[in-house]
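Sharing a structure below in C-alpha cells format, with a few things to ask.
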Amino acid sequence: MDKAVFPGRVRLGMVGGGEGAFIGAVHRHAARLDDRYELVAGALSSTAEASQRSGRALGLDPARIYDSYGQMAKAESAREDGIEAVSIVTPNHMHAPVARAFLEAGIHVICDKPVTTNSADARMLKALAEERGLIFAVTHNYSAYPLVRHAQRMVREGALGQIRVVQVEYAQDWLAEALEQGGQKQAAWRTDPAKAGGGAIGDIGSHAWQLADTIVGAPVEALAAELSSFVPGRVIDDDVQVLLRYAGGARGMLWASQVAPGHANDLRIRVYGSKGGIEWAQQHPNELRWTPLGEPTRIVERGSAAMNAAGARVSRVPAGHTEGYIDAFAALYSEIASHLLARRCANSGAAAGDARFPTIDDGLRGVLFIEAVQASSRAGGVWVSLSD
Amino acid sequence: MDKAVFPGRVRLGMVGGGEGAFIGAVHRHAARLDDRYELVAGALSSTAEASQRSGRALGLDPARIYDSYGQMAKAESAREDGIEAVSIVTPNHMHAPVARAFLEAGIHVICDKPVTTNSADARMLKALAEERGLIFAVTHNYSAYPLVRHAQRMVREGALGQIRVVQVEYAQDWLAEALEQGGQKQAAWRTDPAKAGGGAIGDIGSHAWQLADTIVGAPVEALAAELSSFVPGRVIDDDVQVLLRYAGGARGMLWASQVAPGHANDLRIRVYGSKGGIEWAQQHPNELRWTPLGEPTRIVERGSAAMNAAGARVSRVPAGHTEGYIDAFAALYSEIASHLLARRCANSGAAAGDARFPTIDDGLRGVLFIEAVQASSRAGGVWVSLSD
Amino acid sequence: MDKAVFPGRVRLGMVGGGEGAFIGAVHRHAARLDDRYELVAGALSSTAEASQRSGRALGLDPARIYDSYGQMAKAESAREDGIEAVSIVTPNHMHAPVARAFLEAGIHVICDKPVTTNSADARMLKALAEERGLIFAVTHNYSAYPLVRHAQRMVREGALGQIRVVQVEYAQDWLAEALEQGGQKQAAWRTDPAKAGGGAIGDIGSHAWQLADTIVGAPVEALAAELSSFVPGRVIDDDVQVLLRYAGGARGMLWASQVAPGHANDLRIRVYGSKGGIEWAQQHPNELRWTPLGEPTRIVERGSAAMNAAGARVSRVPAGHTEGYIDAFAALYSEIASHLLARRCANSGAAAGDARFPTIDDGLRGVLFIEAVQASSRAGGVWVSLSD
Amino acid sequence: MDKAVFPGRVRLGMVGGGEGAFIGAVHRHAARLDDRYELVAGALSSTAEASQRSGRALGLDPARIYDSYGQMAKAESAREDGIEAVSIVTPNHMHAPVARAFLEAGIHVICDKPVTTNSADARMLKALAEERGLIFAVTHNYSAYPLVRHAQRMVREGALGQIRVVQVEYAQDWLAEALEQGGQKQAAWRTDPAKAGGGAIGDIGSHAWQLADTIVGAPVEALAAELSSFVPGRVIDDDVQVLLRYAGGARGMLWASQVAPGHANDLRIRVYGSKGGIEWAQQHPNELRWTPLGEPTRIVERGSAAMNAAGARVSRVPAGHTEGYIDAFAALYSEIASHLLARRCANSGAAAGDARFPTIDDGLRGVLFIEAVQASSRAGGVWVSLSD
C-alpha cells in the first residue's frame, strides 16, 4: 500500500495503544475526527509480535510498524516522509524515555498525562524540548471542552469578579474493589506505584488540578492533603482530599476518588467570585451553569449564541446536538495540529491563530503538584508550599 | 496524490455537503470516526466551481471531484476502484433523483432523511434497490445511540411488559422567528415546501416517529394531527401535535416544534408498559431512566455493566466518558459499513453480525407517516389510517 | 373544653376526611399552617360512630361532632359561634348534595375538585352560591404554588409574547395495577364511575387542565381526546390524551395517566410564546425554567429576587428553603381566608387585597372540560367544541 | 379569651421570634403543622412594647405576653396551666441565659442552633438539664427530613458497607456582598462575632457537620480548617473549608460558604462506603440517590415503597407530593412532642416510641466542633483533635 498524506494532515506516529489498551484508541479517534492527522507509523505494543498485529489491524504500512520506540524514532527521523509528531500513550513510567527518544530525533511530542512520574524527568523533558525548539503537548483533554474554554475566557475577562472559592472534584467508582488483584490490565498498572507514579492523585487528581488551573488562571501556592488507600491490599492512594491556597487569595478544595460508588467519571468544577459563580460537569459537558450575583442561574449551552468566541472555536456541532469525550479530545488534537502545521509552514506565513494546548510547562507544574500532595500527606497533612 | 484505500475501509462518495452545508460535515465526521470509510469522490455543491473548491479543501483527488451527481455516478461506476457507496446529503427534494442515479449505476446508497418528499418516489427507490440488490440505508441517526439500542432490546425482551403509552417529542427553537426571511441558508430550504416536503413534521417529526418506531417495535395504525404555522409569513408547519394509535393497543402522542424557546434540539421519548417505564433524552444521551413498576427509578449509564449487548455493540468509550451526536452518527455509519464490507467479501464468508440500520423500508414508512399527518391536518385533525 | 376562637381565625367545619381518608388531613394541615382557621365542627365519616371517633382524635368539642352533614349544616347555622365555612372533602359524588346543604344554610363552601360529577350539578351550585351571595372556593391547589402565580403574572404581562404552544401533563403510576380489586379504599372509589364521575381525566386531568388554564389565561375552544382503560378489568379511564385548541390560536396537548411507571405525582407544564418559554414541574416546585427567546434558560427560584409580587405574596420561606405540597395548599387556604375575613368584616373596611382562588365558575368550567373529553372519546376521538 | 388547651397538645412558650425575625415564624409553623402544640405564652421581642405587639398579632392571651424572658420563666412556672416547654429563637448569644432561666424554672427547652456561643455554656446547660431531668432539644432541623432518616438507617444497617468518604457542603450566596453594612437585621447579628459566636461555620457549617454526624454515626476525631472572610470589611468568616478524619477511618471534607453565587441554601451530603454510595440535597429533599456498588443509581423517592420505616415515620404526604423545609421542621417538633407528651403521661404508660431528636449532647458536640475549626484556622490550618 503506497500512501501519500494529504498536505493538510500531520504525519503522526504512536507509541503504545496496542491491543488491550484504552487511551490509545481514544487518541486515534481524536486525531482522526477533524481529519488533520494521518497515522502512518507505530510501536504500539511492548512485544514485536503484538506490535505488528496491532499495526496491521489499523491499516499501517507494515514497514512502518516498529518493534520498539527506539527503532521507530531512528527510522522515522531518517525518512523524508517521516512522522512529524508522535503520540505517547504508554503507562506513565514510559513517558519520559519515549519522549526523550523522539525529542532527540527532532520529532514533536504529544504525550498523555501525568507527563512523567517525577519532576526531575519533567524538567529534563522541558529543557530538551526548549533546546530543540520542539512542540511538547500534554493531553489534558478536559481543558479543551468548549464550555471550559468559555469559562476560562469569562474569568479572564472579569465576568466573575475577584475569584474567591474553587471547588473541584473527580470521582470514579471503578476501583472500589481490588480489580488489580484479578488481573485487570488497566487496574494493574494504574495501581502499581512504579508504573503509575501516583494513584488517584496522578490518574485523575492531576486532571482535576489542571481543569481548575485552566479556568482559575492563578497558581496554587500551598496545599494540605490527605491520601488514602481504602481498598484492602492496595498500595497506592485511591482517594485524595486537598485544601488549596491560590495566589491572589482564592481558597479551594480538591477531591479525587476512585472508590465513590455512583460516579463513573465525574469531573466537576465550581468557581465563585465576587460577581458570580459557574459550574461545569464533564458528564453533562454541553451545559455551563452561570449565576451573576443576585440574578437567576443561567444554563449556557454549548453551541448557543451565549457561548463566547473562545468556546465557539473548539465547538463542532450546533447547540442541542451533544458533544462528548472524543469531541473534546479531538478539539485538543486540532489545536495542536494548528501549531504543528503552522510550524511546518512557518516560512509560508501560516499561523496557529488562537489555538492553544497544555505544554510541557503545564506538565511539569502538574507533576510538582502531585509531588506536593504526596509530600503533604506523608507528613500527616501539613501545609506544603509550591514553587517551581 | 496517489491513494490506495486500506481494504478495511469502504470507498465512499458524497453528493451535497459542500460549502455552507451543515449535515454533510456531520456525515463525514461520522464516516471517519471509526476509520471504516475513506471519502474518495464527491459532487459536493450545485455549481462546478463550488464543488471543486469544497472537494479540494477536503483533500479529494481533483479527478474525482465532479461537477454533477450524474457525471459522478457514471464515472465512478466505470472505475475499478470506484466508490462502493454514496452518501446523499442534499436538500430533501434532491434525494430521489440522486439516489436513483447511483442505484442505477450499481452503487449502494446512504441517504439522509426524510428519504423523499413523497411516497411515490420512496416506493420507486425501494423497488429499484430491491431489483438491483443494493443496500439503501437511511440515516435516522438517533436510532443508533447505545441507550436507544438498549431500550429497543429491553422492549423486545419484554422488560416493560405490554406497551401502553408512548410519549415522544422533538422540540427546537431556532425557527421561532422568521430566519428564512433573512436569507439564512438552512432555514430557507427547510421552510420551502418544494424543497423540504414538510416543515417541522418532515425535518424533526420524522426523527421523533422513527425513534418511537425503533423502540416500540409496533406500527402506528391511525393518527389525528394538527400542523401549525405560528411564525407570521411562514408557509410551512413549524409545530405539529399528533395523537397515535399503535398496533397492539398502545396509545401515543407526538409533538415536534421549531418554535419552542428553551429547546435547542430536544428529542425525548418515554415508553410505559405494564411492567415498567423508560425515558431517554437526546440532550443527555448517556443516561436512560428505567423504572420497574413499584421500584425506584434506575439511571442506566451508557457503557456501564447495566447496559445490554445491543447497546454495548455501538458504544465506544467507558461509562462516564460521554458520547454525543457524532459518536452515534458514526455508530450508524459503522453498522452500515459492516454490511457493506460483508457484501463486498460475501464469498469469503464475512458477515455483518448483528449490525443493523434503517433501510429504504423504514424511509418509505416515514414518508407515509408524514403524508398521513399532513392529510389529517388538512382535513381538520380527523383520524387517518396508515397502511403500507 | 370551652374554646373561643381568636378573631383572626375563620371558624371552620369539615365534611369527610375521617379515618382512612387522604385529602381531609391535607385540608386540615393547609388550614392550620398559617393560623387563619380553627377547625371547630365536623361530620367526618359516613357513620356516626366513626365520625365521633375521628372528631375526638382531632380535639373537636364532642357537641360539634355530627352524625351527618345535614344535621351539621342545620345546627351550625343556628349557633351564634357557628362555622363560617365548611370544607368538603368527600368522594366526588357527594360534593353536590353536601355543598347544597351548607349553601342553603348560609355557610361559605370550600370544596375539593372536581366540584361535581356532572355539569348540571355544578350549574345548580353556581346559581345557588350567587343567589345567596356566598363564597364557593374550589381547591385546585396547584394554582397556588408561588411559581405558578409568578408564571401566570408573566403571561398576563406579555413576557412570553403571543402564546403558541401549551404542553401539560400529569403522570402517576399508582394505578398501573388493579389496586381497586384488592380493596384499597382510595383506589376503589376513584375507579368507580358512580363515585368519581371520571377516572384519570377527573382525578388528575382536571388538575392539569386547571393549571394550564391558570397560566395561559385563555379558554380551550375545542378538543379531541382518547380515553383508555389499560388495566385489565378496569371500567374507568386510567390514561387520557387530548389535543387542545385555545382561544387566541394557541395549540396544546394534555396527557394524564395513572399507569406511567416512574411518575409518582408528576404534574408539569410548559408554555411557549413568541418571546419565550417557561417550564414548571410540581415535583420540583421551587424552580421555574424561563427562556427568553435567543437567550440562555434561567432558573427562577421561588423566594428569590427574580420572583414577581404575585409569586412572592403566596411564598412563605426564603429561597433555597423548599416549599412543598402542603405549603401551596395552605397558601390557597390563606387566600380564601383573606376573602372570608374581609367578608366578615366588610363594614369595617377590611379587604382581601390581591388574594385569589378558583371559584365555582372555575369548577363548572372544569366539569364541562371533563364532559367534553368524555364526549370526544366516546365518539372516537372527534373534535368537540367547548362553550359554557 | 379563655382557652383550654386540648390535652393532645403541648403548652408551648416562645422567647424571641417577634417582629422582623425569620426563624421564630418557622418554629411556630413547625409547632402548628401537626397540631401537637399550642403556643400560649411569649417574650417575643427585646422591648416590652414590641413584645406585646407581636404577641397580640399571634392571638396570645395578653396576660401571657411578657416583657422579659426572666419574668416569663417565673410566671409560667407558677401557673397550673403554665407552659411545658419553651422555644428559644433569639440570636445565638442569648441562648444560654434564656435556656438556663427556663431549666431552672423546671421547663423543658427547645433551642435553636448553635446551642451556645462557647462550650463552657453548653456544658453548663447540659449539666443543668441532666440535674433537673428536663428535655433539652436542639433544632438541627435538617436531621428530620424523611430521607435523611432513611439514609441514617441505611448506614446503621450496613447497606453502604464500611464508610470511607464523606462529602458535605452548605453553600449560600446571600452574604456575597456586605449586607450587614446596609443594616439588614438578619445579616447584622449573624456577622457580629459577639452575637453569633461564629460566621459561616456557626450559622451553616454547624448544620453541615450535624447532618453528616446524623448519617455517618461516627464522630470526627481530627480536622484541619481554613476560615476566610472574603467580603471587604467583614470581621467574621464567610467561607470555611475543612478536612475531617472520622473515627473508624472515614475521611471527609466540609465546605460551608455564604459567598457562593448560585446557591440559595444548598446543603448537600454524599457518603460512600465499600458497598455503595448515597447523595441527598436539601434543595431537592424528596429524592435520595443511592448506588449499590456496580449497579445503576436508584432514585429513592420520599413516600415511596422503597423508603424504610425510619423515613416513613416522619413523612407526611404520599410520594410525588413534595415536602419541604417547614414539613421537616414540623417533623422534628413532632418528634419532640412525642417525648414531651410521654414525659407528661409517664405514669399512664405513654411512650415516645422511636421518636428522636438532637439533644444538648449534640448541641455541645456541635459547639466543640465549631471551636476546633476556629482553633485550627487560627493556627494556620493545622490538624486539631476533637475529644469531649
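Each chain gets a letter, A, B, C and D, in the order it is written, and its residues are counted from 1.
Here is the rule we use: a residue touches a chain if its C-beta (ideal position, glycine included) is under 8 Å from a C-beta of that chain, and two chains touch if they have at least 3 such contacts.
Since the model is a prediction, treat every value here as computed from it, not as a measurement.
Among the remaining chains, D is positioned farthest from chain B, on the basis of C-alpha centroids.
Just to note, of A-B and A-C, the chains joined by more C-beta pairs in contact are A-B. Between the Cα centres of chain A and chain D there is a gap of 44 Å. Chain A and chain C have Cα centroids separated by 56 Å. In terms of their C-alpha centroids, the spacing between chain A and chain B amounts to 34 Å.
Among all residues of chain C, those that touch two or more other chains are 263, 290, 294, 297, 301, 304. Residues 290, 294-301, 304-306 of chain D are the ones touching chain B in the complex. Those residues of chain A that touch chain B in the shared complex are 1-4, 6, 8-9, 22, 26, 28-29, 32-35, 58-59, 172, 263-266, 282-286, 301, 303-304, 316-327. The residues of chain A lying in touch with chain D in their complex are 164-165, 167, 169, 173, 176-177, 224, 226, 228, 230, 239, 241, 243, 245, 251-253, 255, 257, 259-263, 270, 272-279, 289-294, 297, 380-383.
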